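Look for chain A in each of the two complexes below; its partner is chain B in the first and chain C in the second.
== the complex of A and B ==
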């Protein structure tokens, strides 16, 4: 079963929080693309991606995230990520995602740093 | 090759259907847990098995739903050995490690991370084992002290 994603968007000034439910796979691409086009996300200076800690993330999903980071880099938007399990923190570090996004242990920590 | 059934081996046969790699992941995790593998290594195994199955479905079997992916798990010499077999001809060119900077700059495709993850998460990986039945990826994860759950 491949879950579809639901991405809810909350704005706090210059920070846009994308609360992402569901597994992150190549099937997530249209959901991320649609969320990123949202006017509350497109023009902000900072974006926080909040994942489900129990979510399945595969290489196709990481590729979708890299595509998003390519856009945020182009627009000089700062990106934070929270809600990752220890395993996926390790994977994101291994792949190099952490060179382009800061990973936070909790929502509180992310909001303190980015809010 | 005819495999002899024993109590240290299991075999999972999957159709080529994206999403079914989750079944192999869950079986692998259960097998590893049974043999006392620590949680961190179970997570490594799950990701490697998922990526090997996805590669087998997408590249080996080229998405043909009738083609099968056969996953075997064996406890051998204190290690879990996973073999993922597809009906393809192997990996013609082993890709270089991904360059995240180039991917961000869109100078190389964002995809193509599966083999990199497998090679970095497993203790030993053998690619391109070709037989008449197809192509097999063999992955090994060493256990510190394999003991079956009581």
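== the complex of A and C ==
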């Protein structure tokens, strides 16, 4: 497995923060699956996905995120996303991801809303 | 030119022969280099800046496919494959310079130098196979999501 992404997990009670580095493509699927299985993420009520602002997310990466959001919806987990460039905020809105996750302009804003 | 995936394995003399049909262009941020379904008259190699490749799902949705941001990366390979129509739109994401390699000049050189043509088309096949693998992987992810939603 190519070391495409690193996902570090920080737990703050009901909120788990997934700090994600690297571009997001279909090759990111096992990294997200592994992070989602982590005990600090699996049963938590809220998940915040924090991306690198310079990260590129292609259609395969969007598929991985949709897969994750389908699971979080099934488990009634609230999801927030931060760290996106304006370009990807627009794309996430366009493809409908914003109907399943809230997008925050900064980490502070995300923590205020979700923490 | 050596760093372009299509030209891997070519020697200095062969690379020099390819430069006849090339030119450098400057591109501004937001500028469209080519559009999906347009005739592909050239292939491109990034010198500086960044270019995003996207595909239209419909009039309102455009999906990001890849980002070209390392000097030497190539795009627009549809120029070498019939019907010579671009399958993606290339849009400059940050201003820079691009080397344009004219299709007709490249094809002419390849037909005159069989060994060059063989190397380039072999490199192209390897590249397209890797893209096909990526597309299959993406399809599998969507399929798994769909199956889970049916079972839920």
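Just so it is clear, the second predicted complex is superposed on the first by the 112 of 115 C-alpha atoms of A that agree within 3 Å, B and C clash if a C-alpha of one lies under 4 Å from a C-alpha of the other, contacts with A are read in each partner's own complex, and residues count from 1 in each chain.
Convention: contacts are C-beta pairs under 8 Å (C-beta built on N, C-alpha and C of every residue); 3 or more make two chains touch, one makes a residue touch a chain.
If you're wondering where the values come from, they're calculated on a predicted model, not measured in any experiment.
J.: Quick check on the superposition: with chain A as the shared anchor, is it clash or fit for chain B versus chain C?
T.: clash
J.: Name the contact category of A:62: first (chain B only), second (chain C only), both, or neither.
T.: both
J.: In the overlay, answer first, second, both or neither for which of chain B and chain C A:95 touches.
T.: both
J.: Taking the superposition on A as described, I'd like to know which of chain B and chain C A:70 touches: first, second, both or neither.
T.: both
J.: Quick one: classify A:85 as touching chain B (first), chain C (second), both or neither.
T.: It touches chain B, and chain C stays clear.
J.: Report, in rising order, the residues of chain A that make contact with chain B in one complex and with chain C in the other.
T.: Common to the two interfaces on chain A: residues 25-26, 56, 58-60, 62-64, 66-67, 70, 87, 91, 94-95.
J.: Which stretch or stretches of chain B touch chain A in the complex?
T.: Residues in contact with chain A: 18-19, 21-22, 25, 40, 43-44, 47, 50-51, 54, 98, 100-101, 103-106, 109-114, 116-117, 120.
J.: With touch defined as at the start, can you tell me which chain A residues reach chain B in the complex?
T.: Result: residues 1-2, 25-26, 56, 58-60, 62-64, 66-67, 69-70, 73, 85-87, 91, 94-97, 99-100 of chain A touch chain B.
J.: Which part of chain C faces chain A closely enough to touch in the complex?
T.: 55, 60-67, 93, 134, 137-138, 141-142, 144-145, 148-149, 152
J.: Which positions of chain A touch chain C when the two form their complex?
T.: Interface residues on the chain A side: 23, 25-27, 29, 56-60, 62-64, 66-67, 70-71, 74, 87-88, 91, 94-95.
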